[in-house]
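Have a look at this one.
Chains here go by letter, A, B, C and D, matching the order in which they are written, and residues are numbered from 1 within each.
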Amino acid sequence: MKIGIVGATGYGGTELVRILSHHPHAEECILYSSSGEGNVYSEVYPHLTGLADQKLKPIDMNTIKHEIDIMFLAAPPGVSSELTPQLADAGIPVIDLSGDLRIQEPAEYEKWYKRTAAPKKVIHEAVYGLAELNQKQIQQAKLIANPGCFPTAVLLGLAPLARKKLLNESFVIVDAKTGVSGAGRKASMGTHFSELNDNFKIYKVNEHQHTPEIEQALNEWQPGLGPITFSAHLVPMTRGIMATMYTQLTTSDLSADDLHDLYSEFYQDSYFVRVRPKGQYPQTKEVYGSNFCDIAVTLDERTNRVTIVSVIDNLMKGAAGQAVQNFNLMNGWNEETGLTMTPIYP
Amino acid sequence: MKIGIVGATGYGGTELVRILSHHPHAEECILYSSSGEGNVYSEVYPHLTGLADQKLKPIDMNTIKHEIDIMFLAAPPGVSSELTPQLADAGIPVIDLSGDLRIQEPAEYEKWYKRTAAPKKVIHEAVYGLAELNQKQIQQAKLIANPGCFPTAVLLGLAPLARKKLLNESFVIVDAKTGVSGAGRKASMGTHFSELNDNFKIYKVNEHQHTPEIEQALNEWQPGLGPITFSAHLVPMTRGIMATMYTQLTTSDLSADDLHDLYSEFYQDSYFVRVRPKGQYPQTKEVYGSNFCDIAVTLDERTNRVTIVSVIDNLMKGAAGQAVQNFNLMNGWNEETGLTMTPIYP
Amino acid sequence: MKIGIVGATGYGGTELVRILSHHPHAEECILYSSSGEGNVYSEVYPHLTGLADQKLKPIDMNTIKHEIDIMFLAAPPGVSSELTPQLADAGIPVIDLSGDLRIQEPAEYEKWYKRTAAPKKVIHEAVYGLAELNQKQIQQAKLIANPGCFPTAVLLGLAPLARKKLLNESFVIVDAKTGVSGAGRKASMGTHFSELNDNFKIYKVNEHQHTPEIEQALNEWQPGLGPITFSAHLVPMTRGIMATMYTQLTTSDLSADDLHDLYSEFYQDSYFVRVRPKGQYPQTKEVYGSNFCDIAVTLDERTNRVTIVSVIDNLMKGAAGQAVQNFNLMNGWNEETGLTMTPIYP
Amino acid sequence: MKIGIVGATGYGGTELVRILSHHPHAEECILYSSSGEGNVYSEVYPHLTGLADQKLKPIDMNTIKHEIDIMFLAAPPGVSSELTPQLADAGIPVIDLSGDLRIQEPAEYEKWYKRTAAPKKVIHEAVYGLAELNQKQIQQAKLIANPGCFPTAVLLGLAPLARKKLLNESFVIVDAKTGVSGAGRKASMGTHFSELNDNFKIYKVNEHQHTPEIEQALNEWQPGLGPITFSAHLVPMTRGIMATMYTQLTTSDLSADDLHDLYSEFYQDSYFVRVRPKGQYPQTKEVYGSNFCDIAVTLDERTNRVTIVSVIDNLMKGAAGQAVQNFNLMNGWNEETGLTMTPIYP
């Protein structure tokens, strides 16, 4: 297949190029850019010297519709609202990595994103691409809203409980930590080395736009669940997300062992979710460069509270990796196709 | 005054040397070591070349009792249980930076530390040196149990609520993050650069020995409060602790503004605690190398939950800095004496 | 083929496992260990959970000789001196990643390594596995001395000049910088996070054991060349080596353009060496996780001096990657087989 | 004295504030800014909350001339050319931290800086503030050109040789490494965390604007010395510079011990230069936050080449610290006044 990528100059985009250049069903990657058209891609990213020396092409729908079989949109907010209908008209399936199409309720989107929502029609056509949970719908989809990085880690961590209505709504606390690549390649004070190195900060307390995305999925699984509390922290590292989640169960019938079993069984057929042995906790580096989501769960008998730890590589399972996993599912291939890279350690 | 330090080869010890070498009432620092006796201190720590070229002396109580006016113990577990009674006999006040004397209930100590507790007599003589909260007792004390690094950040963050019985015991969640220097100077897999760099890990989930220390103080302030949930995380940075704390209030009468006012007033006379303006959150680097504890507090009206963020430099306010603050209080000096260093930024 | 690895618990060993687990001609990896026998490998390296759950086996030559078709030795100094003859007797080809077999002159080895040299017979059988330069001998070899990490970067950077006798012996200065993984997984003060983070240090000035390895190869290419000056520096990062090299040419007939052309032509058939366009300098991250060696060369007309910059991933092209490249050559396969991974960026 | 600072929002500026807020002769710091006027300084730098809550003032010479006794200029290129003559007219001494006034030859400045040079009159009035070497002229000066960060490390490292005409001009190679704070606070791809973290890069090879500053001083000390070779590298750390320098001596009469003695004697009265014991090499962190320059020198008998290692904190001895040292000298105070802070380690 011929694959188009809009936004290849961003980190999500270049990670798509890394994956797809070794994907057995990807014949060619055509890279589109509004800002960098005409530039040689390996001059933008010299690590690709000799590997991706093609020029960036302008986003011209007349050409695009004859060139590609599927489009990945890894572009800033607003772009997919505009391009998705045109691509649909041209019959080209789309996997959108932005947050534009993830929130079903426009008012909710606008409240958290402080932007105009995409047209309702587009939003409603989009299938939420949380691959392990929505596999069937994804297989039928022509338009995927690829999940956010934090929601991927959080939802995979909470799904086994929410699906069984086990989350106690008195508190679901998500304390999330991310590497800096999640903020993209644009230079700003928020990505400035000297401001972040040997430093640890919290941001968007109770205001992070990934909150409604998490709540939307949780409420689908466990209707009526109240709001969660979500905080994001910035770790002086490049890649990786850890979500540490705290809650209580709605039942007292489950032992710590039962809880661990519940998780292991829930994910027993999911190649990319590795529930760790009891007592072992994952580190972000242990999934570095891979599409794995590693999870630990524990019930503390002293406090009767549950702690869940979930780690991903934010550019892989949290973005490009899951996008390719969705690409595989949409095409009826094994979800692991082209995604079996071993984590790089150390 | 002549000052003795046991354990000067550790990070807490060398931070004491840094502070005390500029303290107006510290005439001389005499450094004792069981492992390194005879070594020139600036060969152990070459950054002190020309500044601290004295030799490390053996721990010999016969000599010690004639040499010093006060002793700081920055030694591994077990040492202070042994030395403290001897120093007391010699009439030498002690500030102990270990965890040995902090837990009043020996069984509790032994459960969490998995070690034999210190003699009851010694424990009961020790005053818990949380300087902002126990100022009066510290001024009278001859023996200080200097607080742990995590408890300092956490307790300063929760004290305004606990003192007013405002913590809702249904959940008090503490998600703590620390730089690696908290693990000391001993080489191990847990302090290995390649294992920690560009990585983020969680450790001692529900098992951290600082938990009972936090609960003990909270229960003194708000009797009957149930257990807290505490997790520690390791950040790829050298210094700094952030504790992110989540709870609910026992009342619905306080607005977000009221809550912020409560904190500001609580700490209005505390030079070292800086309650940040509403909406501003502290970063660990903003207290780097200083004795400040910076705090933010917020009440989210959507969820009705409270988030408190507290940051310190673990080697300063979390160890040596607070020890010197206690030294000042014990001697009737202004608590800021020798501790007004500006944070180093960036 | 069935592949044996001794020393799989080290970083070089686990990188071999990462590569070989996707190598089309590697049927199975059998992992041997003297210290960790019986342990499950994915418990030593949890990033391999589900990917390499085999147990580590003892080093028992009676078993080994029936189990494997080739052996990679990624063990501490001394091990290969002992194992290599036994493996030769059993007819098993060996790729040795240690420094034991690289120095032809035992006295030279003993002077720099401060250890007894391997038996002469073994040393003389070993082919120096600098893949781009010694391709023919490698193809015939049964025993490979895989080059050191620094020598690989340095020799690929200097070979085009030395092969043409263009190095001016008045000075060849090599200022080398490495990430910390080069020091291995053993915990020590030299790999302690708090000692290295936000710090930069120089070590083994004029004493690094890779010096004679570099000089040996240079003198083979340009006989009579005098000693080089070599310094190693430790960078607070995990992976990557940059060698910055300074020299003068023996001729004044070459322009800056000529010099660049000389390099481009020298490596035109070498997939893994990427000579960068004139004026562009490689960064270590641009080869992260890959087997590339990226090189820049420049002649400064103001000073008439040449600067060469060469970067590799020390665990890949500097160790496991080049070892597999040699494995490919020994077996008559394309040298790129199983080694085409794209650098991970950012 | 009342002290003015232009450019307080930059890193050099905030380091001046840190030092001067504890300087015994600094009564008040008045902060001027063209871009940030009206802003509260501690909102720009929250680590100064409660410590520097004054507002930034506009740069209005009519006011300035009545407000301050001395001006520190820590501003971008071009500003000092404009302000210095006006401050001179008002009789206000100036310490300029920019590169504008350091190069005596305008054509040389314009070639390397690619900007118009400052007026000749201003340049010629400026005394080059390399405090250890130019002490006498600094004591008489009204206008100081404070040295660049790299030149400070390099010149202190080479001065003992150059002053004795011992540098062999066949090669003086300077391989310099710096932390990222040297690039200032402006956000750019060159200071982007994800681009720099776990990465090591070289930049401005043979083109760095600090080259002529170094050559100018060396040629003053050892007239006729030819050009040096200078390369800058960026280390993933915030603060610190190491310059590794390679050369040969013009004599063969000096042994390694003689050479070390020469350095020790040369700096025996310089508080801020610490020549390390023979065989010990300084690390950048060992001067972190302090005004020290630590130096090692070695003569390798095998190669007959000399290696000199010099480290500083680029924001202290390489900028604000040396500026205050010059401030002390200009006013006849002890050069250490307000500058005796111990390096922060770890």
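Everything below uses one rule, namely that a residue touches a chain if its C-beta (ideal position, glycine included) is under 8 Å from a C-beta of that chain, and two chains touch if they have at least 3 such contacts.
Owing to the predicted nature of the structure, the values given are computational and were not obtained by experimental measurement.
Should one ask which of B-C and A-C has more C-beta pairs in contact, the pair is A-C. Most remote from chain D, judged by the distance between CA-atom centroids, is A.
In this assembly, the C-alpha centroid of chain B lies 46 Å from the C-alpha centroid of chain C.
Chain A and chain B, compared by their mean Cα positions, are separated by 39 Å.
Inter-chain centre distance (chain A to chain C, centres taken as mean C-alpha positions): 36 Å.
Among the residues of chain D, those in touch with two or more other chains are 11, 179, 181, 185, 194-195, 197-198, 236-239, 283, 285, 288, 346. Interface residues of chain C facing chain A in the complex, by the touch rule stated above, are 11, 14, 17-18, 21-22, 45-51, 181, 185, 197-198, 238-239, 274, 276, 280, 282-283, 285-289, 294, 340-346.
On the chain D side of its complex with chain C, the touching residues are 170-171, 173, 175, 177, 179, 194-195, 197-203, 205-206, 226-229, 231, 233, 235-240, 242, 244, 246, 248, 281, 283-285, 288, 298, 300, 302-303, 305, 307, 309, 311, 346. Those residues of chain B lying in contact with chain C across their complex are 11, 179-181, 183, 185, 187-189, 191-198, 236-238.
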